[in-house]
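Quick one: this structure, given as structure tokens, is what I'll be asking you about.
We call the chains A, B, C, D and E, going by the order they appear; numbering starts again at 1 in every chain.
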Amino acid sequence: MIGAEGVGWRVGGAQILDDVSLTVAAGELVGIIGPNGAGKSSLVNILSGVTRPSSGRVTLDGADVSRQSATRRARSGLARSFQTSALFDGLTAGENVRLAVQGAGGSPLSPFRGARSVPATRVEELLERVTMGGTAGTLARDLSHGGRRKLELAMALAAKPRALLLDEPMAGVSAEDVDGLTAIIGEVRDSGVAVAMVEHHMHVVLGLADRVAVLHHGSLLAVGKPDEVTADERVQQAYLGEAL
Amino acid sequence: MSTFLLIVVTGLGLGALYFLAASGLSLIYGLMGVLNFAHGAFMTAGAYAAWVTMTRLPSSMGVGLRLLVAVVVALLVGAIVGVVVEVVLIRPLYRHHIQQVLVTVGLSLAAVAAVQGIWGADPRAVARPEVMTGTVGLLGARIPVDRFVYLAVALALFGGLLALLRYTRLGLVIRAGVENRTMVEALGIDVQRTFTIVFGLGGAVAALAGVLFSQYAGSVSPGQGGSLLIYAFIVVVIGGMGSLTGTAVAAFAVGLVQQLANYYAVSGVGDLSVVLLLALVLLARPSSLKGATA
Amino acid sequence: MSSVLVLDDVHVRYGGSHVLQGVSFEVPATGVTALLGRNGVGKTTTLKAVLGLAPRTGSVLLRERDIVREPTHRIVAGGIGYVPEDREVFGGLTVEENLRLVGPAEGADAAIVRELFPDLVQRRTQRAGTLSGGQQQMVALARVLLRENDLLLVDEPTKGLAPKLVTEVADVLARVAESTPVLLVEQNLPLVRRIADTVVVLDAGRVVHRGDARELVEDQALTQELLGVSMRREGAA
Amino acid sequence: ACGSPGEPGAASSGDASGSAGGSPIEVGLVYSKSGPLATYGEQYRQGFTAGLDYATDGTGEVNGRPVEVTESDDAGDPAKAVAAATDLIGKGTKVIAGSTSSGVALQVAPLAQDNKVLFVSGPAAVDAVTGASKYTFRSGRQTYQDVATAGTMIGDVEGKKVTVLAQDSAFGKANIAAVTSILGDQGATVSAVEVPAAATEFTPFASKIKAAKPDLLFVAWAGTNATQMWTTLSQQGVFDVTTVVTGLDIKPTHALFGASATKIDFLSHFFDGAADNEAYQALADGMEKEGGSVDLFTNDGFVAAQMIVHALEASPDDTDAMVGALEGWTFTGPKGEMEIRAEDHALLQPMFTASLEKDGDALTATPEETLDPEQVAPPVTPIQ
Amino acid sequence: MTRPTPATLLRVGLPLLLLAVLAYLPYVPASIPGLLPGRINGPGSMQLLATCLVFAGFALSYDVLFGRTGLLSFGHALFVAAGSYLLTVSLSTWSLPLPVAILAALGGTTMLALVVGGVALRVGGIAFAMVTLAFAQAASIIVLRDPGGVTGGEEGKALNRDAVPSILVGVQNAPYRYWLALAFVTVAFVLVRLLVRSRAGHAMAAVRENEGRAAVLGLTTYRVKLLAIVVGSFLGGLGGVVHALVLGGSSPSLTSAEFTLSLLVMVVLGGAGSTWGAVLGGFLYHYADARLVEAGGSGVFDVLPDTLRAVLSQPLFILGAFFVVVVYFAPSGLTGLGGRLIRKTGAS
């Protein structure tokens, strides 16, 4: 569904990513883990089109989309969330979601279609799905940190994407909500979406992922079933330590 | 050959004036992210302060001496105006960049009108010492001496400002404060005072530019600062928004292009050519303009 | 046992919303005090209220001195170190410049930083904005460790850190707490159990529980009630 | 001019101006009280007051009815002038004077024509006001007369090289066109150096002029950067190679010529000491009363008042009668003998040449020659 | 269809009521001394109100860029001037009939917006502002140079009276020009309202808030911004056309940097990103500009010391200072302030 083929990225003389190949199939969830600075977000950026790789290609449905803009890719069904929430701060949570729906649907810029052609029920439903029901009228900038994370996820889901890239969706989410969000992401995967998720909460990754990819210094250290990967000594050494 | 030399030297002199006008602007923009539309008013304030000082001083004093005193007074006035504007108008709006720009817009409108109300719309002649009006013969060209003065002042200013930013803690604090003022405070540093200093400095530099420009023009008028401001803006943009070195390079480039175009192309193409230069830079290297937002 | 920080009936209002509704608690002069609660209950706001970054009323005593009326920079200079929730490093400055802002990188504290975050030393000249999320978190931590403090306010320091680093950060905090009291906001209960001595739990802008850290974390019914979780599952990770 | 009931814009009742004897005659002055031309405007206004006093023998009345002058500020902005004129005309004013700036004159003139109102343009020099419409007159000189005056300064023009240094604007272009047509027709080779009005550096232009070595350099410049231009011309030695002519502006600007002041030959429309007759004396006395002194545009105000009083004497409210009275009228203004040419309402008037002389720190204008109206009369541009 | 709620009634009814009142003004012979010159339906007042309305429309058009999309453009004057000059020049120099001239003016302005916008949008933020300023400056230089004698240089260009319907000419016809201006504002108001509530309008808000994020959602930000510029410029150009008709000509002050700045002032004065704000800001700005000139000359300041009086009699000083005060104390503009007051009194 979505994949990287031999992707490399150099910036300012440093090789951030080196020959990374990873494909996520429809209905599959791949967890991407690795130490801080390993290049996980960079990979997500390249897959979503926010940055251009210096070598290799990105494919979507088998087609080479390396030269397509982030906008184009989003329109073809690729959604993502950001590690540090990137929201429309001056708009309400509801409007944020509505824009996300609109961006993915047809004629997103039409001056002839009312913004409310996105039904309010759909907006409310999406917010409720991330346990944010009733906040549709709150300005995004006034949400608490966790609220922002959840909104970020709702926006990614709003597009009814076929492929979803999540960059640390659980960071800062209170322990209470982690389970709920985990379940949502699982449902999304089960509905046939290809999901790649960067996450440091190991229990989330282990509970959800069909496969886990470990990035280390910009290269893939290991890819495989969760238990295989966690058993890998190199992974324990580089990443897990004695986890809390 | 002699004409070419003349055109080049006067072009450099013009560039020096542009740099003087733009450096204060670039300083404040680069460090505080405030595009100061009142910069023209600061220049006008400096020019009028100097003019008033020179007319008040006894004419028994030599013109040169009166000018020196006037420059000192203008620098003080510029610094005070800068500080007052920062403390009273800019500081309370520090979370709102656009509002800060807007306040300076309002200020620039009001200031020009105020000067016009007090001293009238007509230009007033300023006294100039012999040095500033004379010429020297160089390879057959009659080169006005004042251009060398502007060049010297511009170079000295450039060096001084660069050193301030590169080698002082003040420079560091300012750069951090521009990005995230709250966090700098949360690190225990008094940002406000730093910003006030920057504005005062910007005001003083603007006033200096104002005095020198009024010497150059031979008169002061309410709109004088504003007329120079457009060029200062263009120079700051071409120079990469807030980079001092870029500003210097751009200032001299704009001065030279304008002069050369005015002589070698059709008369009057020079001013348009500056706008053209901006468009060219923009089309060729748009990324260079996004520049120092940080 | 004396308290380094005492909050008494602190209120914070943002426009129409009353975010803190009379928060009172004390931070003992030693060890780690954990401030817990669900998303949006006002944990960050509490820290900001102490620092003067949020509009507050009530009384905040730092070493018996009321600081409610002081400007932020003076409060901080008076001995509080702050690691904000969103890292807030200066993206346009290099790593070194970020650290130099606080003071010269020398002395014993500098050694801790070097030992703890060797990566940063290596990336001295990189612009902090291009650091990875975890690397930025390290800069934010290192920034406060470079100076003597009476109290550290640390807001979710392990958010986005790799598991291995989480352990390391926990160790650092524990070590720091030996000499400097720490008020820590954290979602990671195992970590709280490991390093915190006391806990304060907030809900809807009020303190709903105060007590010993271990007692709370191990009382599954109580954590379930106050925080909506218990530690069984995390323990498995 | 009031509509039937229910028509938009109609007054409800009895608001229409009655023309009973003794009620005041309204005259509107739309001029620059503020804005860049405020000084010109003030001179004009003072001159007008003096002129009204003179023309009505101190009574301020025409045929027993007081003349009531309503002043409006246009701040030099045509839009404001149009608004002010509309307001005045709407209130029944039949005579409008003023227009310090050419832009204002050109936009108020059509308004006067549309509404059949007498319009006496003021200091605005643009040639196009002459012959603009049946209802438009002027009380000052026009560009053509300036240029023709300059032409007289090099004696026989035939075969001479003339260069015009002008602003790259309508004002400059008009001057270039005038020089080309007047002096070119007399056999001179005319070339032009056009400079952006906002130019800051004049060396390239001075170099070009010096290289061309013309017999006459005609400078048409109005603006705040004049001093810089004169300094540069002087520095580059332009005065050493040619005769430099320009128009003499108002007194406060004399200092702006800097060191070049005494080297320039001036043409002048009017200045303190340009002429001497009864009207001039009346103007000088009037100006003293107003706390000013005789200067360039005081004449235009004075003459405007003379013309308006003459028109009102013919009829206080029939504009066509006013026009009829003014067409072909000859009279004595502060400058001397004037004639309103019937065909196009050009104001034929004497012109002057002058020089500036240093008098301690100050500069005073000294008359050189007075030119007959015919010598500088513009060609007829009949009203369509 | 659902039954209209009181809120919608208020939202639709109030503007309609206001429109009706404004449309009826030319039949009101009463006078409001001090506020308007002479009676309300007198030519002076009508002309003043008409110009104020045109300015309200200008502000509306600029708000599409600034308030709605977050584009700080300093070149908007260019498009207003283009509309105005294209009309006067088509009528007099090219002798086109009025409808064709209007189409030419609007078409020309839109084309210009596409080109200028297309180039300037290669950069963002303050650089965008400066680039648009440079374009406007170039246009200003060109207009002042009077190429081929078509623009009339600094003297401006009077409207060819024979080419426009006689109902728009002449002082007594001021009410018709007033209605024309009112029609223009109404059209602009409705268009902007529709735009804002459309998907495109929402996308504009997204770009204003967080451009990078909008791109990843599948919104082509370049196109969104270009659309804003084109729509804003079209309305601005239309305003230019109406301005020329109402004032009987084009003047180069429309191309000046001051005019562009004043557009910004109007929008912020009323409240950026609010239709009513723009309308109010534009209207008040011109009203104050026009009336303060009168106040300065009328001697109301005579009691003050000389210097102060000289300063206060400058309309721009008062406007500038007032603007600073508004930005300072009511950052969301006069409408925002009004809203806040209403909420406050409602709450207490």
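Following the convention adopted for this analysis, contacts are C-beta pairs under 8 Å (C-beta built on N, C-alpha and C of every residue); 3 or more make two chains touch, one makes a residue touch a chain.
Labels paired with UniProt names: A = ABC transporter ATP-binding protein; B, E = Branched-chain amino acid ABC transporter permease.
Note that the structure is a prediction, hence the values are computed from the model and not measured.
*Asks:* Moving only to chains each one touches, count the minimum steps from chain A until you reach chain B.
*Replies:* Minimal hop count between chain A and chain B: 2.
*Asks:* Quick one: how many steps at least from chain C to chain E, stepping chain to touching chain?
*Replies:* 2
*Asks:* Mind listing the chains that sit against chain B and also against chain D?
*Replies:* Expected: E.
*Asks:* Which of the two pairs, B-C or A-C, is linked by more C-beta contacts?
*Replies:* Result: the pair with more contacts is A-C.
*Asks:* Distance from the CA centroid of chain A to that of chain D, rounded to the nearest Å?
*Replies:* About 74 Å separates the centre of chain A from that of chain D.
*Asks:* Between chain A and chain E, tell me the centre distance in angstrom, where each centre is the average of that chain's C-alpha atoms.
*Replies:* 44
*Asks:* Roughly how far is chain D from chain E, going centre to centre by Cα mean, in whole Å?
*Replies:* Whole-Å distance between the two chain centres: 34.
*Asks:* Suppose each chain is reduced to the average of its Cα coordinates; what separation in Å results between chain B and chain E?
*Replies:* Roughly 32 Å, centre to centre.
*Asks:* Identify all positions of chain D at which a residue touches two or more other chains, and write them in rising order.
*Replies:* In chain D, the residues touching two or more other chains are 34, 168, 196.
*Asks:* Please give all chain pairs that are in touch with each other.
*Replies:* Pairs satisfying the touch definition: A-C, A-E, B-C, B-D, B-E, D-E.
*Asks:* Spell out the residues on chain E that touch chain A in their complex, using ranges where they run on.
*Replies:* 194-195, 197-203, 205-206, 208-210, 212-221, 223-224, 227, 231
*Asks:* In their shared complex, at which residues does chain C touch chain A?
*Replies:* 14, 17, 37-41, 44, 85-86, 119, 130-135, 137-138, 156, 159-168, 170, 187-191, 194, 227-229, 233-234, 236-237
*Asks:* Hey, which residues of chain D end up touching chain E in the complex?
*Replies:* Its residues touching chain E are 1, 3, 6, 8-12, 15, 33-34, 71-73, 75, 77-80, 82-83, 86-91, 101-103, 106-107, 109-111, 113-115, 126, 168-171, 173, 196-197.
*Asks:* Considering the complex alone, what residue numbers of chain D touch chain B?
*Replies:* 34-39, 168, 193-196, 198-201, 203-205, 207-208, 211, 224-228, 230-232, 235-237, 252-253, 255-256, 258-259
*Asks:* So in the complex, the part of chain B that touches chain D is made up of which residues?
*Replies:* Within the complex, chain B touches chain D at residues 3, 6-7, 10-11, 13-14, 17, 116, 120-125, 133, 135, 142, 144, 216-219, 221, 223-224, 227-228, 231, 258-259, 262-263, 267-268, 270-271.
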